[in-house]
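After this come two complexes, each holding chain A, first together with chain B and then together with chain C.
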Partner chain A sequence: MIEITCNDRLGKKVRVKCNPDDTIGDLKKLIAAQTGTRWEKIVLKKWYTIYKDHIKLEDYEIHDGMNLELYYQ
Partner chain B sequence: MANRTIKEAISVKGTNPQYLVEKIIRTRIYDSKYWKEECFALTAELMVDKAMELRYIGGIFGGNVKPTPFLSLTLKMLQIQPEKDIVVEFIKNEDFKYVRALGAFYMRLVGTSVEIFKYLEPLYNDYRKIRFQNKEGNFELLYMDDFIDSLLREERFCDVILPRLQKRQVLEEANEIEPRVSALEEDLEDEDSESEEEEGERKGDSLSPPPTSSRSKQDSERERERARRNRDKERERERSRDRQRERQRDRSRSRERNRSRERNRSRERNRSRDRDRSRERDRSRDRNRSRRQRSRSIEQGNRDHRRDQDRDRRDRKDREREREPERERSKRGDREKSNKKKDSKKSSIAEVDPEIAEANALRAKLGLAPLRP
Partner chain C sequence: MSARKGNHSNLGNVERPIANSTNDTSISIEETNRIRAELGLKPLEVEGQNSNNVEASSDKKDVHVPAENLREKKATEELRRKLDERREKRQIEQRLAQVRTLAYATADDDNAVSWVEKSRRIQKEKEEAKKRAKMLEEMDEAFGVGDIVSTELIKQKAKAYTSRDLRGLKVEHDREMIAEGKEVVLTLKDQSILQEEGDVLVNVNLVDVERYKKNNEIKKQRPGYQPYEEEEVNELGLPKPKLLLAKYDTEIDGEKHDSFVLGKIGDEEAKIKSQKLMKEKLQLQQKKIESLVSRPLQIASEYYTAEEMVSFKKVKRRVKKVRSKGDRILKADDLIQETQEEITSSDLGSRSRKKKMVEEATEDLSGFKITVDESLKEIRQALLKANKLKERKVEQWDINTITRSIKREPFEETEGTEEDPLKSSITLNATAEFCRTLGDIPTYGMAGNRDEDEDELMDFERQLAEERRRNQEKEERKREAERLQERGGWNVLERENEQGSDDSMDIDHNEKDNATVILDEEPDVGSGMAAALKLAMSKGYLEKEEKKRIVISKSAQELQAQRYTIEDKATEDDKYSRRNRFDGPVVEFKDKEGYKPLPKLEYIDDNGKAMSTKEAFRHLSHKFHGKGSGKLKSEKRAKKDEDKMLMNRMSSTDTPLNTLKKLQDKQKELQSPYVVLSGKMAPTSIVKPGKGKK
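Up next, the complex of A and B:
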């Protein structure tokens, strides 16, 4: 289990527990459950790379305690 | 400002019609190349040409949210607000399916419920294929009646929130629209008349023993009810047993802990009243245990002496307690009890972290595997 922090820098900062073999889509659903936004509307970014829904966290080398940028679309 | 809604536009759903498209997507459309190149200074007539050029429908796609031409044209229509006749013409035309789709989508956004049912439901009989671009930018096959159905039933389509639609049933009761007649009705009627005849024959046979059958049905229902109740009761009993067992376990553990605290208190009598500090002390003692074990052998001699002293103190303490008024003691007992309760709670937390349990429950609801340690 790893814990990831997502911050949109507009007042929403969530910590999510997940498995390394979850996909980004799963992570978005977990975030959506905490924040109340639709998961389709969430964009996860790190600098200029947008994370794609079907790829696993471990393949993006997302580790425990990492910070992701939370955007909306 | 090129992106302003025209002045004489009638407000839709109480706001500027362009606001029906969400802000983020709207700005994306304003920024898109298609909007700037093709949608600039469009009028309702020129719009028809653009609509005829459409090759697919869709919302937004790709990682860096790009709008489809379909969505851009929808926004353009919201902006210039073509007359209703034009929109109806869009829907009624037979030759261009994407023009029809655009008209239907626009009608769904701005029309009243009655209009929507009136103009969109006939399209249920259109079975043509249409291309739909999904979020990843890939194309899917859709049918026109499929598309119309999702317009009438879903809350959002093509990444636009569809305004609320009154229930068809309500409108029918208010006599604003006729009950819908499906194109399948004729076929069904034919089949119905056939099957009715058959059923009539069968009914004639089965009419003779109705009372027994109904009674047996009732009986079986009662039986099922009873079985269900029994099952429930059993489950309840099991649960309570579990709870009891847990409580017992907790009690034994807390007793142990209590004893240790007692010893602790007796060691330093002055602080014994200050419960918090003593507990803290307890915890720190746990942490230091390993270090202490190492140094125990050295302290052994010293300790023996101290223990004697301790016993002395304890005796004195007991005597004090006896002298203490009954009221005081009962109060302390209460306090001890509450402490015990807190302890039991703490031990259950140690068993399963409630945060993780909660996360797992959420994951189960989303259809994900539970968290691995």
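Up next, the complex of A and C:
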């Protein structure tokens, strides 16, 4: 289990617990469940890379305690 | 800030844990698991919760592998090596321990008894071996095996491959490559199976040498095109024949190898001997004996010796070739002519004919000369003319002509004219036809206008020129004397005329004709316009253009005709014209006798006005220099021109505004002798009409 922090810098900061073999899509759903936004509207970014839904967290080398940027589209 | 509840999320009525404290919201593991279950995801893998999960996670964990310690590794290797060495040593020592040393052996032989025993044993063994061999031999003899073996041996010896068997085999090397008294191993050359030629022997080393040589030669080769190549010489000193594109020969014919056949020694030697002989011969040939002693010096003489005179070539004079009837080769045509002659002149004596012949010969001599180096064309032409002559001769066998020709030699002019027109034949060749179409020589080819037979055989150009001249003369005569004895022209009318006159023609008449040429009787002016014109022409009042040509006297003409060429004519004409140019016309220009030229140059400008000298000069100057006057200047000039024009247009009786005319018009209109001028004075003032205006 890893814990990831997502911050949209507009007042929403969420810490989500997930498995490293979850996909980004799963993570988005979890975030959506926690924040109340629709998961389709969420964009996860780290600097300029936009994370794609079908790829696993471990493949993006997202580790425990990492910060992701949360955007909406 | 408080976290909000996602009331509109798809999770519906799920209770959200409200994360407080910092901006951070997080939910517990259980809560997450619940959400995950709803989403259809597997639960979170929490350590310590599930043993399987732990193992799986530990598998995934990175394992730190410590870096290899090189020193340790080296140390272990060293150790291992040492151990191996020790082991090997031990093994060798073990092996050596089993071997008896020398000292040990001697110690063994020291014992005399044992030594004797040993030697005895050896002796015994030897004897036994001998015995066994003897026994075997005896057995062989008993069975007769020995004979068979011996015969076999002999046979095998006979079968052995000797030099005899090599005879006829081909060796693919130059004979000189294989040195005498040296051993060379020859092997069979690789050949394709289907090749039916016999075996070929080669030596591998020699093949290599040959290949090396060939490569060397290829390296030395120059580019294909060698324009200044020297001729190659083979070993005998003979020049090699140069083949066309010899460099491709090997590719076309395949490579050529020197080869010789074994066993044909005599043949080879003979060949070599012959080659040597050839070489010697050639060397002998090439040697030339040249004496170094020069000829004794001599004083050069100014005169030719008798021997030199022989070799001295005189300037070859142009040989006049006598061309008479006798000279010619007799042909079938000639024979026909002969018979005709006999037929036509059956009543003639042989004497006269002889005379004629003589005459002909002389004529021919004077008439023409044929140089040795005449071209073929000229010869052909001469033949053609001779042919014509022959025909003429037939015509001339008329009593009249003969008698006349005997009597009147000087009058050559009229001689030809006397032939019978019926018998005359016209020979039309290409040139004649051409000239006829030119229109210049209407009577070419007819016997009548040719006075001398010799002339016919002259060069073509000369003949043509002369003919032209003669025609001119004739025309003149025709003009002067109406009755010119021209016959045989193309014109039918003339022909009729000529026929009529022909019958009455005789010598006296001819003479008279000649006389009339000089002293013509004056035509009657009263008879008509034609006669008057004729008279005028004869007197020289009226002239035809052709008469202006200079009439050359007959002798001069003859002289000219001798060496007449087209080029000469051209230059003469040129000279003539040039003289004319400078001297002006010879004859006065009568048409405009009172003419005096009035030189006046008028220039007209673009508007069609005549320009003054000044203007004309300016105009020409502008044209010459290629630029006109400037804008201001041209405007000024235009204005000036306009003023001038207006000035010209202005009447002298009226003002420029035509006041007078207007006044008169007004009076006419009002039918009154006065005009009322409007102004301050108004109606009271009356102007008298005579005064016009105020």
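The rule is short, and it goes like this: the second predicted complex is superposed on the first by the 73 of 73 C-alpha atoms of A that agree within 3 Å, B and C clash if a C-alpha of one lies under 4 Å from a C-alpha of the other, contacts with A are read in each partner's own complex, and residues count from 1 in each chain.
As a working rule, a residue touches a chain if its C-beta (ideal position, glycine included) is under 8 Å from a C-beta of that chain, and two chains touch if they have at least 3 such contacts.
Treat the numbers as computed from the prediction; the structure is a model and nothing was measured.
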item	value
Clash or fit, chain B versus chain C on superposed chain A	clash
Touched partner set for A:G36, first chain B, second chain C, both or neither	second
Partner chain in contact with A:C18 - chain B first, chain C second, else both or neither	both
Contacts of A:D26 with chain B and chain C, given as first, second, both or neither	both
Between chain B and chain C, more extensive residue contact with chain A	C
Partner chain(s) touched by A:Y72 [first = chain B, second = chain C, both, neither]	first
Which of chain B and chain C A:H63 touches, first, second, both or neither	neither
Touching partner for A:K46 - first (chain B), second (chain C), both, neither	neither
Candidates 21-29, 165-173 or 363-371 of chain B: the single one with C-alpha clashes against chain C	363-371
Intersection of chain A interface sets (partners chain B, chain C)	1, 17-19, 22, 26, 29-30, 33
Residues of chain A that touch chain C when the two form their complex	1, 3, 5, 11-20, 22, 26, 29-30, 32-38
Chain A-facing residues of chain B, complex	24-25, 28, 60, 63-65, 135, 159, 355-356, 359, 362-363, 365-366, 368-369, 371-373
For the chain A and chain B complex, residues of the former touching the latter	1, 17-19, 22, 26, 29-30, 33, 40, 43, 50, 52, 72-73
Sites on chain C touched by chain A in the complex	1, 4-11, 14, 16, 22-27, 29, 32, 35-36, 39, 41-42, 44-47, 60
